[in-house]
Every structure is written in C-alpha cells, then in structure tokens.
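Listed after this line are the structures, all set down as structure tokens.
One chain, subunit A, appears in both complexes that follow, with subunit B as partner in the first and subunit C in the second.
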Partner chain A sequence: MRTVWLVAVVIGPLFGASWSAAGPATCPLGVAAIKLGVQGVASGPHADYGRQIEMGAQLAVEEINAAGGVLGCRLEMRFMDDENRPAVGVRNARFLVTEWGAHFLYGTDSSGVAMALGPVLRELDRIQFFTHAATHRLTEELVAQQKIKQIVRVSAPVYQDAVAAWLFRDRRDVRRWATIGADYEYGYATWAIFREQMRRLRPDVEFVGAAWAPFLTTDFSPHIAAVMATNPDGILATPWAGEAVTLLRQALLQGVFDRIKVWFQAMGGSVDVLEGISQEVREGRFQGKLYATSRYVHNWPNTETNRSFVSRFAKRWNRMPNYSAETTYSAVYITKAAVERARSLQTDRVIAALQGMRIETPAGLRVFRSEDHQFVYAVPAGKVVWDPRYPIPVLGELKVFDPKDYWRWPPFRPLELTK
Partner chain B sequence: MEVFAYQGLIGLSSAMYLWLISAGLTIIFGVLGVLNFAHGSLFMLGAYLGYTLYGLVGVPFGLAVLGSMATVAVVGAGVERGLLRPLYGLDPSYQLLLTFGLVLFVDDLAKLIWGGVFRIPPIPEWLQGSVTLFSRPYPIYNLFLIAVGLSVGVGLWWLFDRTWWGRAVRATASDREMAAALGIRTPTVFSSVFMLGSALAALGGALSTPVRPVAPGIGAAMIVQAFIITVIGGLGNLRGAFAGSLLVGVLSSYGTLWFPEFELFFIFAIMAAVLLVRPQGLFAR
Partner chain C sequence: MNDLARRWATAGLLLALVLLPTVASRYVTYLVIHILLLALNAVGFNLLFGQTGLLSFGQAGFYAVGAYTCARILLAWPSLLPGVLGGTVAAALAALLLGFLSVRHTRIYFAMLTLAFGMMIFSLAWKWRAVTGGDDGLVGIPRAPLQLFGLVVALPTVERYYYVVLVAAVLAVALMHRVVHSPLGLALRAVRDSEVRAEHVGLNVRRLRLVAFTVAGAYAGLAGSLLPPLENTVTPPIAHWTASAEPVLATLLGGIRHFAGPLVGAFVLVVAKDVIVRFTVHWSLVLGAVVVALVLGFRGGLAGALEALTLRGARVRPVSAAAGEEGR
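Moving on to the complex of A and B:
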C-alpha cells in the first residue's frame, strides 16, 4: 500500500505537469490559456455589483472550459476590485494586461472608471467588454468620435431608462413629473433623455420638480419632501443599489405612495433592489404604483437560453442573477464567438469578427452596432409585483419596446445635461 | 408656510442622526484630544450589530439597540486601552494613522462577517406609519428619532453638568496632571469617555438600520459630515456639536428644497461661512 502512495506522490505532479504542458499543444492560438481580466466594485456599499460581475464571468468560464474551451483553448480568469475609483480601475487594467497577461478585459460598474479606462485601453491595445458602466459618453464620445476601437459595451446604456416615457405615454392621468435624481452624470442623463422622449410623446406633460441626491446618500427625506411639495403625479428616481432601497423605504414612511400615481425606479429591476424591498412588495405597500426596468431582468425573455441560464446561475451561486452577472456572462460568450470566428486573439481581428454579430444570449438577441461598438438589445419595463414562483419580487406586466424607438442612434448629437 | 415648516421638521430628524454621531466624536476629542477617524466605523459596527440582533436574531428593536451600544462600548474600551493609550505621548499623526488604519480594518472585517450585500431589516411595527403634520404625512420613525436625539442631549447635559463623573471628566479635559494630582484616575476617565463616545456612535448606527442601508463603508460617509459639524460647532464642544448638527441638518434640508442644483456644495458652504466669521467654531471658547 505504501508503494502505491509513493508512486502516486512521485507520478502525480509529473502527470499534472505533462497535462498543463499539453495545453498549448492543443490550443491553436499558441497560448497556454486565454486570460480574461475582470474587474468591478467589490468593496463598499455597492460591492454586490462587483460580486455579480465575478459570478457571471466565472460561471461562463466554467461552462466553456467544461465544454472544451475556445477552439480547444482553456479560459483562465482573474477578478480585481476597482473600488469604484478611476485610478484603481486604470491600475488594475495595466496590471492585468502587462503583468498578468490578460488577453481581454471585462466589467466595471462606474461610468467614471469606464471613462478613465478608455484611453488606457487604446494604449494597451486590449479589448474591454464593458458590462455595467452606463454612460452614453463611453460609446458616443470615446468610440464614435475618438475611435477608441478597444471599447465594446455589452450592457444597455443609460438610454434604457427612457423606456419610462413609452411605458407611461398612454397614462393621461400622469401629467406632472418630478425626479429624485442621482447627483452625477447618470442622474442628469436619465432625466434629460426621459424629458426629451416625453416631450415628443406627450407634449401636455409638465416637469415640475427635481431634487438631486449625491452618491452614497443615506437620508433621502429632504429630497422626498422637496419633490412632494411640487405635487407630482409621477416620480422618476435614479439612485441605485442600496440607495434605491433606502429611497423607496423612506418614501413609504412619508406616505408618498398615497399621493402619487406612478413611481419609476430606473434600476429597480435589479436583483439587489428587489431583494431589499421584498417584504414591502409582498405586503402591497407600493399599491401597484411602483414600476422599474434594468439592464436585464431574470424573468424575461421566456426562452430556453434564459431559463437555463437562470437555473444554472441559481444552482451555482444560490442567488438570482443580477444584470451585471448576465451582461458579463454574455460578454464571455461573445468573446468565445468572436475568437472562434477570428481564429486569433489579435485586437483588430477580434473587432473585425464582432462586425455584424447577432448573438443569442440570456437577455435575448444582441446585435453589434458598429458605429459605437454598442450591443443593442431590448429590455422590458414593468410593474414590481410579487410572484409566488420566485423567491424575490419580479417585474410583471412586462412591456417591451423596440430600442429603435427610445435609444439614441448615430450620428450622435451632444446630449444637453442640466440639472 | 406649510412647505417651509414641513421641510424644517424633516431637516430636524436628519440633524438628530448627525448629532448622535458628532456628539461622540466631539466628546472624545474634547477629553482625550484624539481626532478619531474610526468613529464612523463604530457607527457602522453599531448598525451591523443592531441589524444582527434585531433583523437576524429577532431581539426586540429597543433591546437590539441597547445591545449594540453595550457591545460597541466594550469594543471602544478595547481600542482605547489596547491601541490608543500607547500613543498618547507621541505626535498626533500616529493617532490619525492608527484610527485611519482601523477604518480599513473594520470595513474589511464587516465584509468578511456580513458580506458585501447591503442589509435593511423591516421597520418595527410600533414605529411604522405616519401622523399628519402641516397637512402632510410625517413619519413616526422620524418623530422617534427627534425624541431620542433630544433625550440624548438632555442626558449628556445632566451627565457632564450634574454628576461627579461629569466633573471628573471636565477636570481631566481641562488639566490632566492637575486632575490626576487631585486623585482622579485619568486612565479610567479616558476609557469611560471613549466607551460613551463609542456607544453614541453605535446608537446612531443601530437606529439607522430600519431606514438606511447597512453596508461596508457607510461609516465613511457619516464621518465626513460629523467632522464638518464638529468644526462648525468648535472642536470638543458638545453644545457646538448640537448646534452644528441642527444648522447642517435643517439648512441642508432647505437647500434641497430651494437650491437643488447646489445640494452637494451646500454643507461645505455652511462650513466655509461659519469658519470665515468664527474660525474657531461657533461655540469654542
């Protein structure tokens, strides 16, 4: 028996070494593994978003490796915390590419981090698939204008929030709109594109009030009180993650839902927000007046691809997938498709392979827009409801609109951002 | 007029959170001379413990708050005795470095124990609902906060002005060596003051749990405002901290109503205005 153990101890590492040495031999791309550098915020109040990015990427990597890799090449990933800080995001990207040897980059939640990364990606000549940062400037300015070809965005940008105008265009009883906005570019952009669409669809609508809450606000009471002083019929709110939950809880305390007709929480379809307001939704405290969208909702589309993804994700991580998990998961599969088409890891060839790409993903059909490297896909909006088939609230009474109706399209004219 | 009054009342409840955290900060600075960067972390720890006891274990909310205060007070005593005491004779920059290091340590510790996901337990049933004030629903929870904040103010005044312990603390703050020569055990006074300050931070944290997210990093957001308030009121001055909290809480609320474009800038404008007129703070002697 001792001899058997001895043989195992001596032979084992040799066998392992020969397996890993065999890796490059079977990979036609000439690398031991295709390296994916992933980053997102993994500390502070928004840490769950980075975690979801990591979970989405890891699930895709595990699945692809189990199915034989990309052209026979194994995928290897490394996740880093960008702390929602541009300087850290840039440092991470440089490390991942120059020290660790990443072939592709993914993720990042903050628009500020994304904008700082843009020029660095050109310098590093690595493609980053952006899977959360929503600023329109990333693709409109850095890609369409400045031609930084290494930027590709898989997630829906801030345009998605304009779906609210289409959702409520037939609600003639909702005429007076106000916003409780995030006091940074995202909040201004959403309010600007919503008003632009609304003015087009409903010239009778008035925009009566606005209150702006800085990042990491924990007390929204003054903002709610200020906006309610203008007697709005509808409120458009852009604080996200834990801030969205806090805002909604504090709005309930001030009896807001007794006085308004609709509340649109732009990113309220996000899993963490739905988890946070679970009890209130179950008790009907929003009185059927709370609506939301997201960058992906796990109960739509009703396709085998999506159902299967949600089921595998829930089994693997014991959570529902957030949009940043789906977008990163899909980004890894988009990489697989592009590399298989290009049969190369070179940036130019992979970008060429992305041209005209139409790919089925859990969120539905994604189509690559060549002018700004933005993947276009539809995300529904709907009412936040309790559905006993799910452990958390979901978006129900879903309405899907064609992105052609409410997204911005090239040629882009500058978006006027005012509070 | 009703809009004005309602917005002021909303600002008053915001001011009470600020008061609870800045009271502890200013007491510790006034007596120990320590500018405690980690005070926000004690607030966060109080919030997490409140959430754990009330939201997870199911302890009644009031008891959860008291349990959180007691636990954080003990943690505070440990920090003061084990970490700060060896630094009292050294340059103040060592204290700043230590307390800043504690911020990072406690943040990561919280992430390790409670995870990165934010937590908000339900509001206790007896604090749900609203009453009509100035023709609008005003949350009972906010009234409760105002009552707690004012009670703490009265309690602290009584403690420092009407008890032997308070006289000992004031004597120590005024002249440590003389106080020691008179038989006051200054190390014990230091520890008890740090415990009191920590318990106040925990009180603010635990009271925030049903209406504000508990997550790693929430202390950092609070500590900035608390520092601004203590500077406005005068470093180490308890009355100044109370007045500063009211000033920042209520004026910020009106700022949100009247100048929404300058929300971010408003609190700093208040600080700058006060410092221009009285650089030592409103209540500094």
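Moving on to the complex of A and C:
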C-alpha cells in the first residue's frame, strides 16, 4: 500500500505537469503553444539592453496570452544570454530551434552576433526578428543581396544616426565637425552616413577630426583631447551604453562643453544613458548643447498606443522602456499580426503575410520594406532636457524627419567605410 | 585502470561517438562538435602545460589564425581539405614565430608574453577589416564539400559534418597520444621537471619548448579551422583572451597529469555551461561556483577521480604507463 502511495506521489505531479503543459487543445495551428526564443546580452557592461529585450518580450507575451493568445494559441517564451558573442548567439539559436522547438526568434544586440546568425537562420529555416543590432549589412547584404529571407529587422538600423545631419542643417554657426567614434563598424558607418548627408545638405561644412575608441574603453581623455585639438564646433559621438555615460562625464571634466556648440550622442536617447547622466542634466552642466536620438524614445509619439505602452511597462517593471524593449515588444505583436494573417507558422507563409504590412506600434507606424525586410519608421532627435514629469531626463525640442530623407534606400550601393 | 580495460573503454567511447547522430538530436550532435573542438584545443594545450610545464594564455590567438585562414580559403576556393590544412599550417607557423620569441622565458613571464601575443592577434582580427571583416567578421563561409582522391562528399547537414570533425579529432588525439608516449614526450617531461638536469643530459631545452609550442598552436589552429564550416562565420571574440581560458579551464578540470584529462574537461565544461544557461541568465556565477567546487574537490582532475573510482570498483592496481603520469 505504501508503494502505491509512493508511486502516486511521484508520478501524479508528472501527469499533472504534462497536462498543464499541453494545455487545452484549442490551437488551430496544431501546436500546444507558439514558442518564442529570445536572446540578448544579459551579462557584462551592456547587460541592461538584453534585460530590456526580455522585459519587452515578456510584457507582450503576457498581454497577448491574457487576451486569448494568437488564433487561440498560447505564447511561450524563453530568454537566453548571448553574451555579445557571435558563437554563443549561434549556439543559442540552434538550441532554441532544434532542441526547445522555437517557432520564431527575437532580439540580439550586437551586429557581430546578428551577422553570424544570418546564415544559420537559413539553415534552421526560422524567422528572427532583430530588435537592436544596427549594422546596415544585415539587411542590405544578407537579405537584399544574399536573399536570406528569414531575417526581419524591426528596429531602426544605423541609418537613424544620420538624422544628426538634418537636425543641425540650419545651424550655420556649426561648421567644423569631429567624431569620437566607436572603433568598429558601427562607429565607421555612422560617421560615413553622417558625412554623406551633411555634404549634401551643407557643402560648407568641414570634417576636422576623428578619434576612435575601442570597445570597452574606460578612459576617453586621449580621444577627447585629440578631437578638441582640432577646434570643432560640433562633436558626433558613437560609444554607447555605459561607455557613452563615461565619455560624457569625462568631457564635462575636461571642459569640452565650454568650448563646443553642439554634441550629438548617437544613441544618447537610450534609457540607460539618460539614467546615467541624470544628475548632470538636472544641474544643467551640458549647457543645453547635448543632443541625441535613439531607436525609440519613450516620450514620442504622443499617441494613446505609446502612452499606454509606457504606462503598462513602467507598472510591470518599474522602469522606463528602452528602445530594445519597445522594438522587441512590437516584434511580438508583428508576429501576432503576421501569423493571424497567414494562419500558419510556416516560414514562407509568415513572410508572405509580412509583405505590405503597415502596423501601429508604440514607436508609431511601422511599414515593412520588402526588398530588405526592414521595418521603416521615424524616430525623432532632440535636446537632452530635464522634464519634471519624468523620473529621468528625456529628449525635448523633438524634431521628426521623414525616413525617406535620411535612411538608405534600395537599390543599395556599398557604403564607403573609412576612418 | 589496466590496459585492457582502457582499450575497452576507448572502443566503447568511439562506438558511441560514431553512433551518436543516429540516436541523438541535431542539437546534441552540434554540441558534441563543440566538445570535440575544445578537446582538440585542450589536448594540444596540455602538451605545452601538462607535459612541458608552460602555461599559455594565448591559444585563442592560434585558434583564430586557423579559423580566419580557413575562412578566407573557403571563401576563395570552396573545398574543405585545403581550408582545414591551410588553417592548421598557418596557425603552426604563427606559433613557431611567436613561440620563438616566447620560449626564452618561463613561468609568469612566458604566460604574460603569450597573453600579449594572443591579444595582438585579437586586435588584428578586430582592426584589419579588409582581411578579417572587422567586428562584423567574415560571413557566408560555405560548408564546402570534402574532396579526397577524386571523391566528393557534400556536407549539407550538421550530422555529416560531425563525422569530418570526429575523424579529424580521433586522428589528432591518436597522434598526440603517440607523441606523448614517444621519446619526445619523455624529453618534454624532463624539461618540465628540471630544466637544469635536462640541459646536463644534452637536451636542447629551448628547441623542445618551441616544438611543444608549435604543436600546441597547430592543434589550436586545427580546432579553429574546423569552426567556420560549422558556423558559416568567424568573428573576433574567438581570439579574445577569455577564449584562451577555455582550454586552460578544460585541462585543469580534467587533470593535467592524465592524457584523457583535457578530453574529460572539455566534455564537462561544455555540457555544464549548456545546462546551466538553460536555467539562469546568471550562468557565469553558477558555472564559476561549479568549476571552483570541481577544482577544489578533485585536486588531480576529474580524469584522475574517474580512474580512482574505477580502480576501487575493479580492485586493480594502477599500471604506470609509458608517460609515467596515469595513476598518479
């Protein structure tokens, strides 16, 4: 009798667990749940970006499940740390698809990880919605040229940083530009695109200096000194995340903001950067000369969709949403729309359902560009200001430009990347 | 473990590895390829560390030289064998050159030199964009067919490629076993145990160290050159010093005094990490704790502990092998 009880105690919960895992058989797609594999950097100095990816995805999954799922199918999500290392990202993708059974993949912060994932996605035949990695090569080379159809990017690529040229085109007092650039593809591409746009808009502008800081630089003083020796009016800076905070603080210490007219911090509208320089902004130490953009800013657009998203996100996580949170959140909703339209989880059918998609998201209207599977949408640029309505600084005096003006458009010609 | 038991165990392991793709999932097969690559790197590293007494923190550099060379060859000439051989030879040449400069020193000075050279290779991978693709790396590397004696074997699946890696690994490990148990292996251990005595019996210490360094570099290069056809991509982080820690850790975990130590360590390290990352994003904390516990709990390494366990079960006295190491 004791043995029977023992068996019941051990086996019973297993049956219970398998029952609950299978769930009610109401999903018309023939699966117990639609599985979403998510990855981003969750360790090291950029870990907040991966955390934001996870929070954005989880919020969307919870909301969709609470509203009845996708065609009645429950969503199930699994997050993994890609450590910003391509080999780890590839291994995660293989695990998520072949072992865990992911139907769709999301995330990835690093361009290197994204480029490594591209060919593997073709082999696995799974769509990955990229929600942070910004290199233009992902969509221009791997999709438009090599026809890896499984790549879809929801976040704005490096094109977004060219918005600086449009932001300052009427500032006739800012003629001499220099860069403190990230010493890798992102920094080179940003500087190249910015110069290309600026030359077109303002032929009188000079590009007087450049200093390149490798990944994980902690002391920017030589880069700042080198650039300031060229006596620039404006500085375009591309180190991001914690490095951007360190760079800005060191620039303050070296009195840079007393000598320049504008500083454009490419991804300075990111929540982690704004949190990091909160005290300095509140004290006005940037003298109104610090400008930035992002791939989404939480105080724009002023729509019910965005306000509601920010409110729900802040309530759920006690943080403001970063761009990687919004892009991943939107990517899950884009998946929902595509699967509902395709009524299938098959890659070809879902991609067909994405064609011509125009979808309202917290960041505004996103439009699918079929040539390179890039969702196009506008993100404003503006001045970093303190607004008492928010717990952290925000971008103010926002200016919105049409992506048709400053994004790259097919047919693509190779970008000349020179230091 | 007596010789017969060891041979049975080896045969059983080989049989299991041969049958693996037929019984395991594609992901497990993929994971075992990574175990084999790390095992190759670690076996080479242990010739330098366990046998010769030189601790290198730059093996990732040679791994990367192998990977990038193979990738460039495959992009220009899609045939697997030239790619893998080219990568291995390039890594051996790089090791010969840097070894010539490094083996003049020992202990911490040698370790720091190898660390510096390894990071120089990392910087090259990061900066020399025309050749390496910079931080985005080289992408679209084909899993080229194996062309051998007029025979062309296509490798479209991970399972087929697994057998290429398995054959390469088995041959390389067998060759290393031969080296370790040869007079060269004895000479290397003599250098490790007493440099002065080795010189007094007429051994050219510096040359022997250079040979060990070059062979270790070639093994790292072989492992690296087998990576691009698997992943279709090569990026700079494979050259970073943190990647150099992997063969070191695998060897320490498995045991530096056992030939099988690096193989056991590679298995445990890859599997432990793969399991831990499934449960927590704080995997590094858990993995670190596991590694510390294993290193403190099994002083001679896991291979030694496994052997002791087997001996206790079989009540057999250890047989001192030609290497004079197993059973210590």
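In this text, the second predicted complex is superposed on the first by the 395 of 419 C-alpha atoms of A that agree within 3 Å, B and C clash if a C-alpha of one lies under 4 Å from a C-alpha of the other, contacts with A are read in each partner's own complex, and residues count from 1 in each chain.
In the analysis below, a contact is a pair of C-beta atoms (placed from the backbone, for glycine too) under 8 Å apart; a residue touches a chain by one contact, two chains touch by 3 or more.
Model, not experiment: these values are computed from the prediction.
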item	value
First (subunit B), second (subunit C), both or neither touched by A:367	neither
First (subunit B), second (subunit C), both or neither touched by A:213	first
Which of subunit B and subunit C A:135 touches, first, second, both or neither	second
Contacts of A:258 with subunit B and subunit C, given as first, second, both or neither	first
Subunit B versus subunit C as contact partner of A:120, first or second or both or neither	second
Partner chain in contact with A:279 - subunit B first, subunit C second, else both or neither	first
Which superposed partner A:43 touches (first subunit B, second subunit C, both, neither)	both
Subunit A positions touched by subunit B in one structure and by subunit C in the second	42-43, 50, 183, 214
Subunit A residues touching subunit C - in the complex, by the definition given at the top	42-43, 50, 79-81, 84-87, 90-92, 94-95, 98-99, 111-112, 115-116, 118-120, 123, 135, 137, 141-142, 146, 183-186, 214-215, 417
Subunit A-touching residues of subunit C, taken from the complex the two chains share	25-28, 30-31, 34, 126-127, 129, 134-137, 139-141, 231-233, 235-238, 274, 277-278, 281-284
Residue ranges of subunit B touching subunit A (in the complex, touch as defined)	3, 6-7, 10-11, 13-14, 17, 107-108, 111, 116-118, 120, 122-123, 130, 136-139, 141-142, 208, 210-213, 215-218, 221-222, 252-253, 256-257, 260-261, 263-264
Of all residues in subunit A, those that touch subunit B in their complex	42-45, 47-48, 50-51, 183, 210-214, 216, 218-219, 221-223, 225-226, 228-229, 241-243, 245-246, 249-250, 253-255, 258, 272, 275-276, 279, 419
